[in-house]
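Report on the following structure.
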Amino acid sequence: MEYTDQAFLMESDRIDSLVQRALEEDLGFGDITSKAVVDPGLMAGGEFLAKEDLVLAGWAAVLQVFRNLSSHVSLDLLHSDGSFVRAGTVIGRIQGRARSLFAGERVALNFLQQLSGVATLTRKFVERVAGTGTEILDTRKTTPGLRCLEKDAVRMGGGKNHRFGLYDGILIKDNHIVAAGGIRNAVSRARSFVEHMKKIEVEVKNLVELDEALAVGAEVILLDNMSVSQVREAVQKTSGRASLEVSGGVNLDNVRDYALAGVNFISVGALTHSAKAVDISLELSLF
Amino acid sequence: MEYTDQAFLMESDRIDSLVQRALEEDLGFGDITSKAVVDPGLMAGGEFLAKEDLVLAGWAAVLQVFRNLSSHVSLDLLHSDGSFVRAGTVIGRIQGRARSLFAGERVALNFLQQLSGVATLTRKFVERVAGTGTEILDTRKTTPGLRCLEKDAVRMGGGKNHRFGLYDGILIKDNHIVAAGGIRNAVSRARSFVEHMKKIEVEVKNLVELDEALAVGAEVILLDNMSVSQVREAVQKTSGRASLEVSGGVNLDNVRDYALAGVNFISVGALTHSAKAVDISLELSLF
Amino acid sequence: MEYTDQAFLMESDRIDSLVQRALEEDLGFGDITSKAVVDPGLMAGGEFLAKEDLVLAGWAAVLQVFRNLSSHVSLDLLHSDGSFVRAGTVIGRIQGRARSLFAGERVALNFLQQLSGVATLTRKFVERVAGTGTEILDTRKTTPGLRCLEKDAVRMGGGKNHRFGLYDGILIKDNHIVAAGGIRNAVSRARSFVEHMKKIEVEVKNLVELDEALAVGAEVILLDNMSVSQVREAVQKTSGRASLEVSGGVNLDNVRDYALAGVNFISVGALTHSAKAVDISLELSLF
Amino acid sequence: MEYTDQAFLMESDRIDSLVQRALEEDLGFGDITSKAVVDPGLMAGGEFLAKEDLVLAGWAAVLQVFRNLSSHVSLDLLHSDGSFVRAGTVIGRIQGRARSLFAGERVALNFLQQLSGVATLTRKFVERVAGTGTEILDTRKTTPGLRCLEKDAVRMGGGKNHRFGLYDGILIKDNHIVAAGGIRNAVSRARSFVEHMKKIEVEVKNLVELDEALAVGAEVILLDNMSVSQVREAVQKTSGRASLEVSGGVNLDNVRDYALAGVNFISVGALTHSAKAVDISLELSLF
Amino acid sequence: MEYTDQAFLMESDRIDSLVQRALEEDLGFGDITSKAVVDPGLMAGGEFLAKEDLVLAGWAAVLQVFRNLSSHVSLDLLHSDGSFVRAGTVIGRIQGRARSLFAGERVALNFLQQLSGVATLTRKFVERVAGTGTEILDTRKTTPGLRCLEKDAVRMGGGKNHRFGLYDGILIKDNHIVAAGGIRNAVSRARSFVEHMKKIEVEVKNLVELDEALAVGAEVILLDNMSVSQVREAVQKTSGRASLEVSGGVNLDNVRDYALAGVNFISVGALTHSAKAVDISLELSLF
Amino acid sequence: MEYTDQAFLMESDRIDSLVQRALEEDLGFGDITSKAVVDPGLMAGGEFLAKEDLVLAGWAAVLQVFRNLSSHVSLDLLHSDGSFVRAGTVIGRIQGRARSLFAGERVALNFLQQLSGVATLTRKFVERVAGTGTEILDTRKTTPGLRCLEKDAVRMGGGKNHRFGLYDGILIKDNHIVAAGGIRNAVSRARSFVEHMKKIEVEVKNLVELDEALAVGAEVILLDNMSVSQVREAVQKTSGRASLEVSGGVNLDNVRDYALAGVNFISVGALTHSAKAVDISLELSLF
């Protein structure tokens, strides 16, 4: 199981400060129970165990947790991020001083359970649209401070990322259209402002607006809160002139219907804002 | 609706860096859509609307979001943290430059929805044990980086906080007991280490261990993963010599049974690790 | 002269830490000459004077410098960022305690002269291509730490920005092509990786590669280090199927020829890596 | 080629945060092109090549760039900071994972080209005054955030540093003299304030002021914007009673005349504010 | 002499930023004397020597100082924190590049002398109460920024820590009692607020207040500024129903009397606010 | 009582982060006693009272403490930094919310007592040498993290500062002399390295070395650990050719003898490393 330098380049900075914050929350001026009760030289080890079926995500944070705590913890990843594993699978083994392991255990699991929860839920959506060619996207409805990690987790679950934030993609919504005095104006102002490497996406609420957006050459169009039949009609009307994204009111029950309607993308806020932590344990024992 | 200085003293530091981080995630080098499309002078306003029944938590973060973005946003809180509101209630009003509101909208909602989610779930647990005298506690199973805010949210929902981290409370678990060579040793080492203002809590797995813990004068005892009937027996055995906390396997269905068994505290990881974001919208319109 | 909140939102964070760093470099533990010689209550004022024809950029940094130093400095901007002013023009007036003005003077001018230098040089390139429809772009060859400000300065001079960094645009260069085993592979891997809102740009060194890039549907093609006549041929071959960008070896003498060859964009490293500080003075006098 | 610990002690802190900032500007949440197109395991290497005659400066920053990106990049410096090299010289070799090299390439070159530009320009001034005994000094007109590195580059080019900032040297200028009510007062206040290890420098605009400054025992006198003949007269008048520094209006054409007039120091803002980046390439190829 | 990972986990974060700050104070942009005069390759070494009888504390900071300066300094600790050593004892040996050792020498000694001063003074108080069963506590009267280290030093001297700050222990003082409208109210509000793992301490000024505090079940009672005879009476009255702490006006002369009066704890502000640096030298010589 | 902007410019940055750190140490996640017991709206006020004769220093830190805690605390300084006040003098008044005052009280006093302790001790040394023309200097033996504040306090007590750190003054000690191969070499290397605005100081251990130092034109000479009679001889020998500083073994008893021996400066480590906190109380009461 290997983590390339580059992988860490990307994330380690953001992970580093986030992991540091999480450790500080939990450790403050120290783990007083261990300080009082556990001899410094004592060694321990244990297994990370999946207690339900899940898709793994978050090992990078776990590694960073123990790296921040000690240079002598060894962590053996048996299944890497993105793997689907069954309940009962041992996914990793860890070994080091008992004090270091006790100090990092909870924070490591908090990351791993929460991020694997996102990956696992994403996979469920992705499986529902299997074979349709439609891709599942995340949104900006992420946990404050964890966006980068949650977006990685979405990819681990088979989803794709939408823009990372307000700075790396133009998405013209209803208020922008009002502010600019119509779709035509908004798109033309955006086009003259934005770098030449970015497409322009416009949110539309109905088929009239869709026509307008197509007329001004929007490259991506977001169909906001439309029914499946409206979406079907939108796909026909568009007939390949723009990419189409569905957003709003999508869940595991209706996602396949939207996909079958022929859109390119479906974005799902629930991937990040409603994923529950999956159950992963770390059973440690002393040597 | 007032926020005292002191309330902010407590939280503002932690909130400040966290909100800053969340804004950086979302804004990077700027909201390019607004920059392109929205005139800087344009004003907007809107209402925060509860779309389901919920308990509010997170206003401090929302305030901080807009304070970081502009000194000219005014935010009028109609219902404060801790209030239970019905679906359809307008909980706050906001006004300011359109660009500032668009820039902060998503991050503000991400905080408010997630933290109100924690408060709302906590209230459900608290309501289940109403009249029993048992208190609902949170755990350390919090979202990395958000512990302080989530623990506030738990209080807003009527719960109480367990220790904040490993540094402000002694909790002797099975591994500590092994490490120290028995409960007696562990408790005595802890007692001689810890400040005189802290109680010592010991986790026990069965009634034999409970006896041992009582024998060495543990002031709080955590009954780990016991059935309701075991807990009932433990309460009898203890008969007031220590406070008792139940932990493990507690859910909305069985929490009242545990409470009726007579324990003082029930700690519930789900309060923070499994709370879903509640639905709150912010509908903005231009002036 | 007004600076909207939102304008500051975007930049103030980055400016803030950068200005802070620049002030620390210059002030360390304090301006010992002023501390020794200038009474704290003494007031001063003065004018920022353009000593050559120039395009202004950098006021936001200047404002931040004096805001960090004192809450009592007033700065009156007579010409805003993006204005072209003749030698001899008073562009701003400042007033405050002498100590504050002496403390910030050099750092403020260092920002203003350097960034106006970038804007001024950009304007020269933009003027050369006037009427051709070609746009002048910057590159990533910026001064370490100043990218955001220099890219703003480029816009103030009438240029447009290329991608901000490696994270917000796909540009496939020769090494990437080798790494992926050909243009087709590289483009297809990029397409399946990248968000749906980004175009894919491919760098080509000759017309054969151009054909390949067109064949795989690259949305933007960078013509690397080609002669004007090669570029002309490339434009013909492409005939609107992709946007074309020229890069490499462009200077004030040949930029118009490249533009007349019909490309959409010309990127010029010199805008940022070879701009010289323009001459702006701040003459202060005591009241 | 060796970098001693101590050399890094001095600079590494400042370089570290500056390099970090520069990498963040360029990399944000990651190099998406490489992530998409380049396999993590792929190795690459290449040569840093001087494309014009130049004096090297900035290796410390280059080392820090790659150290921040990966612990597995090896960098072999063939010519060290301060070396004069001819166009066509290979000045260093680098090897590591392709992704790491692609990620750091631009930032590393931005540092190296700009700082070598400063060293190269400094050397030109130093050569002009060869044999005169006059030393070339830098000023505080440095690029915000880069002062420390640029002042090092000046030394690499054979120049000497003036004070680092307002905190480590007393330089009494015209406004200070007005503020204090005359040169005598200003110098006496400065003397009683400043540590006993610092000399006091006074700026004078004419020979009358020079006399005053000499009369009060200024240890260094800055001749501001004087003609060569005025400077010659000043040297005679002073006749060794103080060190003399020329400042203002000095360029490569007239610097030798000022030096021959007999002053000890000539300070030149252009060393840092008008140095252009020199041309250094890094040609990478995959293994 | 070994420093466990965990020991460093606790402290290294806080020490790291503090040591960094202390080094920056002293080194700024570098040790210019060594840079000028000492060849980079020169090696040196030396001994840390106790020049008076003392209790050691602060090695962790010393280690961090040299670790921050160089990865090639070796430090051999002959006596560990908490050891009592006689004047003339060599307590550690150090070796590395001369420049690194010169750079860190003063800062390292500043930590070691000051913290050993705290440990040494603490030991004097602890020795005075030997055999009485009373424990010596520190207070919050610590040097700003050094609390964590000073509280460690107190433990090294045989003392125990009081609460670390306002956040990890409830101590109800006179103003709190007034604010709450009496001891009963104050204690009951505190009890319902605080986590179940914390005891509640109440400060009383006389025996009437002591009775009140006992009546409401305060678990710890602080006897503020009482005479020895009052304390004796308080101990009798309390007769084991609460722990008793003496605070105010305690010095080396009267501390034993207070201890013999039978209290559990005596807290002494002087341990930290009046400890003088002990004399430890570091004699370096070149190899 | 007024604090100019500039005064704050100098210090506020360093003070800000230091005060922040000190508050975090004490407050962590909040003052739980006040949160539990004191109503947020309650107002309080009080007086800072000198309980012994002292020289004031540290108000800037006190102001910063309360400014960080609340924007609604008003602080009225009746005696400013540098004032000598008698025991019993009210030196300042404070008013604000009770919670804010309780939260900042201890940290504010920790700063004020410790820094006034430095100023007070300095004044004692300065008074001892009154009329001799000798100046009392501090050293680098300062409390880690507080150097800037302690050096200010020394000036408040009538002393002067030595160099701030290793970066702003050349002081050639015995090891440097060995490293350079003699005094002549060391001085000549230092002279060619250092900026032209700095004097060079050389430490000598006896009169032979003094002769050498004078011979090479050292501008300041430090007489290390010499007896009063040696110092007297050194003064005669030097006869004005260099400034002389005495260091080592100086205390309140012998400082006047050294001064009368005719040296210019006496540096005293005890000013900072052995100053005890003076007694200042803050008695608060509720309104």
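Think of it as A, B, C, D, E and F in the order they're written, each chain with its own count starting at 1.
The definition used in the following text is that contacts are C-beta pairs under 8 Å (C-beta built on N, C-alpha and C of every residue); 3 or more make two chains touch, one makes a residue touch a chain.
None of these values were measured; they are calculated from a predicted model.
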Exercise. Supply the minimal count of touching-chain steps required to go from chain A to chain D.
Key: 1
Quiz item: Quick one: which chains contact chain B and chain E both?
Solution: A, F
Self-check item: Taking each chain's C-alpha mean as its centre, the one farthest from chain B
Solution: D
Exercise. Sort the other chains by how far their Cα centres are from that of chain A and give me the top one.
Key: F
Practice problem: Compare the two sides of the chain C and chain F interface and say whether they are made mostly of the same residue numbers, over half shared, or of different ones. | Solution: different
Exercise. Between chain D and chain F, tell me the centre distance in angstrom, where each centre is the average of that chain's C-alpha atoms.
Key: 33
Quiz prompt | Centre-to-centre distance between chain C and chain B (centres being mean Cα positions), rounded to whole Å | solution = 45
Quiz prompt | Touching two or more other chains - residues of chain D | solution = 27-31, 34-35, 103, 148, 164, 167-171
Exercise. Could you list each pair of chains that touch one another?
Key: A-B, A-C, A-D, A-E, B-C, B-E, B-F, C-D, C-F, D-E, D-F, E-F
Exercise. Name, in rising order, each residue of chain B that touches chain E in their complex.
Key: 135, 137, 160-163, 167-171, 195-199, 201, 220, 243, 245, 264-265
Exercise. Report the residues of chain D in contact with chain E in the complex, numbered from low to high.
Key: 4-11, 13-14, 148, 164
Exercise. Within their complex, state which residues of chain B touch chain C.
Key: 20, 24, 27, 29-31, 34-35, 40-41, 69-72, 96-97, 99-100, 103
Quiz prompt | List of chain D residues in touch with chain C within their complex | solution = 17-19, 21-22, 25-39, 42, 44, 61, 98, 102-103, 106-107, 109-111, 113-114, 140-148, 164-173, 175-176, 178-180, 186, 189-190, 192-194, 273-274, 276-277, 284-286
